[in-house]
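See the structures that follow.
In what follows, chain A forms one complex with chain B and a second complex with chain C.
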Partner chain A sequence: MRKKKGFRVWILLVAVFVCFVAMWPLYELLNLSVRDISDYSSRLAFPEVIKLSNFKDAFMNKQVWIGFKNSFIYASLTILLEVVIGSMAGYGLSRGSKRTTKSIKSVQMLIMMVPGVVTLVGTYALMTKLGLTNSLFALALLTAAGGIPSCSFIYMNFINSIPVALDEAARIDGANVTNTFFRIILPQLTPITITRSIMIAIGAWNNYLMPLYLINNANKQPIILVIRSAFAMVGGDRNLAMACATCTIGILPVIVVYCILQKRIIASQIGSSIKG
Partner chain B sequence: MKKVFVCLLSLLLVFSLVGCSGDDGKSNNNKKPNQEIKDNPDANTLAGVNLEIAVNFTGDAQTAFASVCSAFENRYGATITIDWYGSDHATLMTTRMAANNMPDIYVTAGWSIKKYKNYSLDLRDEPYCKDYTDSALGVIQDKDGSIYVCMISEGINGVVYNVNVCEAAGVDYLSIHTWDDLWEACEKIKAYGITPLASRPNAGLTSNAVGTWLTYDGEIANVADKLIDGTWNWEEYRYVIQAYGKAIDNGYFFVDARSMNEMDTLERLAAGRAGIIIGDNTASVQTMYEMNNKGNFAIGPFPASTEEGVEAITVGEGDAFAISKNSKNIEAAKIFLRYLSEEEVTKKIISATGRKACQQPVLENDDTDGTKAFLRLEEEYKDHNMVYKNIFDREYLPSGMFGVLGNVAGKIFADHSKKGEDEIISYLQTEFKRLYK
Partner chain C sequence: MQKKLNRKYFLFIVPAIFMVVAFKFFPIGNAFRLCLYDWDGFSPEMKFTGFENFKVLVKDQYFWKALKATLCYAFGITIVKNIVGLALGLFVNKEFKGRGAVRAIVYLPIMISGFIMGQIMYYFYQYDGGIFNELLGKLGIEPIYFMQTGNRTILVVILTTSILHIGSTMLTYLAGLQRIPNELKESCRLDGANKWNEFIHITLPLLQPSIISSVILNLIASFKIYDIIGAMGAGGPDGASSSLTQLISKYYFSQFRAGYGATIAFVFFFIIVVIAWPINKYLNSKKVEF
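Let's look at the complex of A and B:
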């Protein structure tokens, strides 16, 4: 019994340490965001004066709201494209002939293994030649294209756990493949769809590389590029406090969504891993 | 679930339309001609032309450049799309070079010859080329006489001092002639209770500052010829490693120097938390005055390595703009560069970037902080044995070595023992051979 208690204390200590390490950057960010521009004291030290007006100024910045709007559109489009196409592809792969599925799976795995940055030059050249720069839809299309292999793979594993007998029963009742997917299979995919949507949204919200290359127009920039601009020098002074306030505001939606849906995300992830 | 799916698909359609519509990044296409256009004889001569310009400006420089571009649009009726690449400029331009998709005009950020010349138009016949100072021509003119950029300012590199801190610590920065004098000054500043050096491990230390150890007459070594013909084995670079190693061991740098960024460096010197930065420029002096207008900051040359050696200021490309060979708007781009080299326009930009003007007519009437810092340098060091040289890596090293020397700075801070020193020399030999090919 004592041994078990000691073990728990160790786990607790490790958990506290991990939390401490994870929270450190957030502490620095918040600490810097409420400072005065002239406060050059250590980043770990408590601010000399707490200046909440940095947040007010950041909120008053029109570009922040444009960034939010663009990030919302970009994330929504990416979710729609990836979930719609990924779930349908996953169903096809799950119910298709094993031979075809196996080869497609291999190609998917191959695509998933290639880091996006490796194909950066080719992708960029293609996007510019097709005139797909400064378009949020094009950006979402590109992001979704990169995510669909893993998305359909996850859907396929999930759908594998749904008995084929359900499809057969639907067919006997006169449903075609589309009807079977939308009426019978899709309702079973709610947990994985929610999980994937949140993951895709977070990924799109935080995506930096491709927006940096493809979105030059300030009116189309997602929030991540607005944060980047804030960290550049502003008005001759590097207003680090203001930049950190902008960054805090920028990452807030992701944190809020995660906090609200935390239980659901974890439950869905466990559910999908068991079914997969 | 089906309803949800239908809703999702509908939303997809709506967002697709939103995403595809609207502004395509080309600014002011529908702008009505204003009074300025009507009154200007050049108005609308470039109507319908859109110029894409990629720049690395941020902060005040960004504001100044945007205003200058806006005035150009008003004067000529062209539209300008500016790619604000900031600190990612080099990376993004490299990708665009590889994708053969260069903007019409781009900032060359110090590499007009070595990196960009195959992509850039030769501008030697442009009217502003006759106004360049000799130091500017030394930096941007290729061996065959080609000039690939319209350069409006030069970068002046050396050692930056917080004069107030130095004076308080009993250091006369003008009496520093050799590196040993500099280390002695560091010792005094340390004894005063302040970290002497705000430098961080970057190529400013290990590339920009090393000419006075390695390549000039009277210095501890002169391997300039071997560097140029690619036969140097980097053994003499040990002087540099040992000097910085000793400075690290003596506690002259901040303990968190390895995690500092450029602005940390400037902030600490501006706030009087350090006394000296090795390997910085007049633009930084201006930035520090903006951070602390009560401060007193000066730039001086890199010290000599021996009593007989020379102190050196290195001069590099400042704000320089090239035109892509493949641009569809070459004539419009040339007009834009001529406009940039007009005195008032140039002054507006360099007053924001803090660099020194490099065209004679502008230089004669310039009172910007960058030029002031340079003029103070000229005045204060007129009795010193000081020379102006091209930036070390651009003069002697193959493209790519600047980054390698940046890595070397990190390696010195990580391990400057004999073993570490040997590893660094071996790394330099390998990379130099590879890049020289």
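Let's look at the complex of A and C:
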């Protein structure tokens, strides 16, 4: 009995330590964002004077709202492109000839090895020529292209578990392949579409490399670039608190979504790694 | 009939294929084309120089430094993440109250942009007033330069990135662990094996699919390391801890040597394939069935 209790204490200690390590950076972000400019006290303890007006000032910054709007548009476009194209491809891969699927699967690993920077460098000149820089749609296209291969295979795995008999029944009822997919199969994919959309949205919200070089118009900046310029203005730590407050607000949507849907996100991550 | 249907099904894949060709294969081809030119990235004139860029690359010390650092990052992060991730996977697979919360909290840092995490970590590693140096000061230890010190910076980046992004690896192993049938463990225990033997002879071999996918995915992802490095303030001294991705964007976008930047980009992709492809083949050839 006593031994059992010791065992539990060990688990508790590890659990607390692990959570502490994961949360420490966020604690510091919050800690730094409620300070006064002149507050140079220890960063370990919470500041004595808590200055919440930093958040208010950050909220008043027009650029933050523009960033939110652009990130929202960017994320939505990426979801639309990736989910539609990815789920269609997943259906084709699942129901089509096995030989095609196999050969596509063999190049999937190769596609995954293409770094984002190669995509960027290889398309940047073309983007400039076509006037696609400063375009959120072009940004979404590039981002979606990076995600489509894995997205298609996740959909394929899911559609594989839907009986082909369903398609056949629909065909006998006179539905063509397109109708079968959009009317019969797609509605069944709702759970996976929701989790995929969340993951895509968070990915787009967090994407840094591509917006950094493709967007230079302040009115088109996604939130990550607004946060970047807030930190860039810090210079000699002069207004670190403001930058941290902007950053906190910028990641707040992600954290809220994660807190609400963490069960689903974690379950989908576990699920996708089993099949992968 | 089936053939006709198959053709229809293939049409469903066409948009995806188009996207991949347009934004994955075309850029590689285009990067290769740019390799052969001396070009600043925006002016209409491009000077054809043949393989001159490759000759420059072989002699470019920054390329070799970045290559070394990138290899260190890729293999270092893969090793640390898989060892710690496996340990964490075993841990959160135990039955205890609140394990769901532990999983969720460990996974949380992945949800936040690498750039932002790096930016926060920058204030941990600052020499003057950084959080770690403050802690060391409390212990009576002199402050340490973490960033811009070459090998030490590489080590710091490896550890930081691995620990912040451990959640995905943890979940991969958790998924693998949940798949191991309980009967196997029980029969092993009935045969009188202790925990360690059970781990070595039952758990580890049956985790092979998870190990394979985790190693290969982490390796590919770690090669591309970019935002967290720059934001943390790593890169120096004199490029000793900068990654190839950083170097490419520096040449292409800041120094306006697009042709040369594209050369490194193309070589970079080639290196990833040459290293990751055989590892993938080798690991997959050893797959176990159960």
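Going forward, the second predicted complex is superposed on the first by the 242 of 276 C-alpha atoms of A that agree within 3 Å, B and C clash if a C-alpha of one lies under 4 Å from a C-alpha of the other, contacts with A are read in each partner's own complex, and residues count from 1 in each chain.
Just so we're on the same page, a contact is a pair of C-beta atoms (placed from the backbone, for glycine too) under 8 Å apart; a residue touches a chain by one contact, two chains touch by 3 or more.
Model, not experiment: these values are computed from the prediction.
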Message: Quick check on the superposition: with chain A as the shared anchor, is it clash or fit for chain B versus chain C?
response: clash
- request: Tell me which partner A:T128 touches in the superposition: chain B (first), chain C (second), both or neither.
  value: both
Query: A:F182 contacts which: chain B (first), chain C (second), both, neither?
result: first
Query: Just chain B (first), just chain C (second), both, or neither: which does A:K62 touch?
result: neither
- prompt: Counting only touches as set out at the top, which of chain B and chain C does A:T190 meet: first, second, both, neither?
  reply: first
Query: When both complexes are superposed, which of chain B and chain C contacts more residues belonging to chain A?
result: C
- request: Using the superposition on chain A described above, determine whether A:R228 touches chain B (first), chain C (second), both, or neither.
  value: both
Task: Check the residue A:Y213 against both partner chains and state whether it touches chain B (first), chain C (second), both, or neither.
output: both
Segment of chain B that clashes with chain C, given the candidates 237-245, 255-263 or 417-425: 255-263
Query: Overlap of the chain B and chain C footprints on chain A, residue-wise?
result: 40, 81, 120-122, 124-125, 128, 213, 228, 237, 240
Query: Quick one: in the complex, what on chain C touches chain A?
result: 5-6, 8-13, 15-17, 19-20, 22-24, 26-31, 34, 41-42, 88, 91, 94, 96, 98-109, 111-117, 119-121, 123-124, 129, 131, 134-135, 163-164, 167-168, 171-172, 174-176, 178-179, 210, 213-214, 216, 220, 223-224, 226-227, 245, 248-249, 252-253, 258, 261-262, 265-266, 268-269, 272-273, 276-277, 280
Message: Touching residues of chain B toward chain A in the complex: what are they?
response: 1-2, 5, 8-9, 11-12, 15-16, 18-20, 22-25, 58-60, 62-63, 81-84, 86-88, 92, 95-96, 98-101, 263, 267-268, 271, 273, 287, 290-291, 352
Contact footprint of chain B on chain A as seen in their complex: 40, 73, 76-77, 80-81, 83-84, 120-122, 124-125, 128-129, 133-138, 140, 182-183, 186-187, 189-190, 212-213, 216-217, 219-220, 228-229, 232-238, 240
Message: Going by the contact rule set out above, which residues of chain A touch chain C in the complex?
response: 8, 11-12, 14-15, 18-19, 21-23, 25-26, 28-29, 32, 40, 42-44, 81, 85-86, 88-89, 91-93, 95-97, 100, 104, 109-126, 128, 141-142, 144-146, 148-149, 152, 177, 181, 202, 205-209, 213, 224, 227-228, 231, 237, 240, 247, 250-251, 254-255, 258, 262-263, 265-266, 269-271, 273-274, 276
